[in-house]
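Two complexes follow with chain A in common, the first pairing it with chain B and the second with chain C.
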Partner chain A sequence: MGAGTGRGVMFSGVMATAWVTATLVAVVAGVVGFHVVVRGATFAAHAVPMSAFAGAAGAAVLGVSAIAGLGVVSPLAALGVAWLGRRRRTDVASALVIVVMLGLGALFLSWTAEYSSQVYALLFGELLGVSTQELAATAGLAVLAVAAAAVLHRPLLLTAVLPDVADGRGVSVLAADLWFLLLVAVVTTMAVPVVGTLLMFSLMVGPPAAARAVARSPRATIAASVAIALVTVWSAIALSYVTDWPVGFFVGILGAAWYLAGRAAAALAARRRPGARRQPAALAA
Partner chain B sequence: MSGFFASGPVHTAVVAGAVVAVVSGVVGVFTVIRGQSFSGHALGDLGTLGGSGAFLAGVNPFFGYVTVGAAVAATMDLFGVQHRRGRDVATGIVLGAALGLAALLLYFDTTTSTTTGATITILFGSLFAVSPGTLPVMIGLGVVGLVLVAVLYRPLLLSSVSAELAAARGVRVRTVGLVFLVLVGVVVSLSAVAVGTILSTALLVGPAAAALRLTRRPLTAVVVASVLGLVATWGGVVLSYASATWPPSHTGWPVSFFVVTLVLALYLGAELVGWARARAGA
Partner chain C sequence: MSTVLSVEGVDVWLGGRHVLDEVGFEIAPGELTGLIGSNGAGKTTLFRVILGLLPAARGHVEVVGRPAGRPARAQVGYVPQKVALDPDVPLRVRDLVSLGLDGNRYGFRRRSRQRDEAVDAMLSAVGATRLADARVGTLSGGELQRVLIAHALVAQPPLLLLDEPLANLDLANGQEVVTLLAKLTKEQGVAVLLSAHDMNPLLPVMDRIVYVAEGRVASGTPAEVVRGEVLSGLYGHPVSVLELGGRVVVVAGDTGPTDLVTR
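Moving on, here comes the complex of A and B:
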């Protein structure tokens, strides 16, 4: 919310941290979001950030960095999603667990001095959500996530698109799912302080969904996804700075706008070449 | 505990909790049977937009929930959104946009009014914060909901179990579906008053799903779900009242936290009973 830093310093001081953080967040969200869309793992993209709310709230009670709390709870939430998914009980049980995690977060924050503003910041994001001290941790996580995504690129893609072939080649689908969820946990840890729990989904899914409509190969799709995510967070930060309105508002609206634009582009392309159905991006490898 | 029954907010909380528990129990059973849990969840999240808008307009958020809940439910039914279930990018993106907009309205709420805590009231609710003036409206809507379910009971149940069979018997399946989903919208708004918009799914779906683990007979399930809902809301009120002396804050733990935790505990308990029965039967 209110930066209160004046108009002339949009790119200096604490704002510099905001820009660097947002850039890192966008790159990782763009890359991991591609795998979310290819795997159709929208539930994980929704459940992990929601559950992680309790971790960030717990960190606020203990007086430690939100990134520390998120870093502990997000992987646990990711493992929980993997476990519930294997038991095929994702409906009522998981909905209730998510709700209780949110309730637990509210409980923790009710113990802190600035209950209302803390809740708001963690749910809808904050322009200055990451402090300069936390920048190193965010950068470390970003490098880790991008490196992991690069190494895991082929197995992740193979298990998502052709699970039978992956099985035949000795690539474990379960292991790939777990690695993927841990990547979602890393994005959550980095991004929740900036865009908030409720709007992580928009950032992680909007840009790659649009990118798939315009790009062919997986690599080109990832590049487009990162580019769109960058434009999203940069615009969100700039607009938030100028208007003083919440970052989450711009992320949510832009995420939806990208998605709609992607759908429109895909529909237009399909109309231009009747009969020639577009191959899924992942298959064109 | 001596002050418990003398306290005004407690009275209101107990009555509001009862209304919400009973109506949610009844409508929740059909929601679970029809596989519309996700629609209920989406309606709750979208209620955030209505609540924050109403707050900004200086109206009680409850009216925002109801208006948006009913309107969105009708739209959802017209576009057949409920058939797509939870795993859908489009639904998530729409929810994201709505929540983003709600974030903006909440931001205006906190900057334009002197009353703080709009975010907490709308998203996490509190039975203790229900204004006595809202109570008659809640009871009225609750009674209307129960009467509707009673009138529609047979066709609703038939079309929930088998749409083809219902259609063959002359039930207007589309109309019943539309009325029911609007009803879900209204019930979710009642539940949002009790535990907030993003926790409202818990009361709609939790006790009902637990009841359906315990019994297969719809009428029994409706009664059991209402009772379990009562245990959760009243238990939440009592625990929250008692927690005023608990560490670390000594200001009381949020009632919504207790309610949703009790709902989860009851659901897990029912799962356990169902599992034990299945083992004993096998």
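Moving on, here comes the complex of A and C:
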């Protein structure tokens, strides 16, 4: 991102679009990221955007919108991880899906004229390249993702915390996993063209993980996660503008810094609590 | 007295093994029933059949007159055998108990005073009011067991299933949980079916026992079931029931006259 010469430039034209787009992505990443960390599904949530790389690359080959390619391949990757990962083999399924789809993505990109710039854009996004039409699509997908997260919230939480109880109450853990991954697919379709596969992943993990360390209830954690994600992307854009360093660098570094700060705050609070922290609950026969 | 749970002639085969063989028994409201058997005897399998998660090859199960599975799901509270919570999960005790009311429902939820009151009342009933705002990952084993019971009962199901709730609890915590369950059966009229491999902690409070061995069961009061001749018939070879230092022990072989367990 180029260094600016004043506040007016920083908030006008393509920069204004970048601020709005990044804000939408941050809100959605903060909300959906809550379920990523509570389900302990960071690897599966990594697999879907990484696999979507192949969809965006295929779209570049065909000369169609990256969102179209992502919209097709992301749900397929989600279905693949959910289906192959049933019976608690999610890690293996995620790894398999990632390597196959990355291989396909590399093949598709080798068929395009501008290999290196395409790879860079898909991994790190093109925040300054977002058009008004893409912003509208991003906003629509953001509303869809947040509404879907609200509708799925309780069954996703129950299956994450008490999967055996959920089964007994008629909430299929496999179905919940599938809904969750499809939700990640929607976020992927929306966010990858803007922030890229790697940065979207760091936004979906860093802020909610930091929020989880300091907030007590689901509602407070989601609110804190969104707030941290917003501060992260806003700070990253501003720092990038000032230093001319990539936005992605600041998003990644700030995400990790928030997490470490959250852990430190949680440790401090635990030390101050009377009676200190007890052994975590774990009952297993 | 009406019947909350009716199990009739249930047969289950798993991997070519006859896990449950013509299993039948009934539980009435307000009864605490121990499902006793060694590890691998088929206790968890029986729970899965009652929950409708595993179809029986033969026989049928009814909960409050409804067939097991979807029609009866709202009638059963369940505390599973294995619960491993992430210590960092951002969930307070009241949030976990609240999921017992509507955690299975998709859609938007509004906060309501009634649901908050129901959660508070349940936490009070299990003696966990002081834990309401604690994170679930910081609870001790005994505290977590209380909270899981509250989660299972907050929707007021007539039947509560607990799979090995005393496993991994020390003697004092195990005794507290048993006392709590006895209190809940009497005060709330809920029927409790609780599995355990050791019957001794339950003997003072158990109304009925369902003893599982070799895939078959014998049911009745402890005095009727925990007898050498009854259990010998169940195991298919001689066993003896002994009382040693106040504990009832079932041992293989005929050691002479059997002691009748009395309440």
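What we mean here is this: the second predicted complex is superposed on the first by the 253 of 285 C-alpha atoms of A that agree within 3 Å, B and C clash if a C-alpha of one lies under 4 Å from a C-alpha of the other, contacts with A are read in each partner's own complex, and residues count from 1 in each chain.
Everything that follows uses one rule, which is that a contact is a pair of C-beta atoms (placed from the backbone, for glycine too) under 8 Å apart; a residue touches a chain by one contact, two chains touch by 3 or more.
Owing to the predicted nature of the structure, the values given are computational and were not obtained by experimental measurement.
Looking at the shared chain after the overlay, A:Pro155 reaches chain C, while chain B stays out of its contact range.
Once chain A of one complex is fitted onto chain A of the other, the partner contacts of A:Gly40 extend to both chain B and chain C. When the two structures are aligned on the shared chain, A:Val165 is found in touch with chain C, with no touch to chain B. Of the two partner chains placed by the overlay, only chain C lies in contact with A:Ala213; chain B stays clear of it.
Judged by the touch definition given at the top, the superposed model places A:Thr221 against chain C, while chain B stays out of reach. Touched by chain B in one complex and by chain C in the other are residues 40 of chain A. The residues of chain A lying in touch with chain B in their complex are 1, 37, 40, 42-43, 45-46, 90-93, 95-97, 99-100, 102-104, 106-107, 110-111, 115-116, 119-120, 123-125, 196, 198-199, 201-202, 205-206, 209, 245-246, 248-253, 255-256, 259. On the side of chain B, the complex with chain A involves touching residues 32, 37, 41, 86-90, 92-101, 103-104, 106-107, 110, 116-120, 123-124, 198-199, 201-202, 205-206, 209, 248-249, 251, 253-254, 256-257, 259-261, 263-264, 267, 271. The part of chain C that touches chain A in the complex is made up of residues 39, 51, 53, 70, 73, 76, 78-92, 95-96, 99, 102-109, 133, 135-141, 143-145, 148, 151-152, 164, 167-169.
Chain A makes touch with chain C in their complex at residues 38, 40, 150-155, 157-158, 160-162, 164-171, 211-213, 215-218, 220-221, 266, 277-285.
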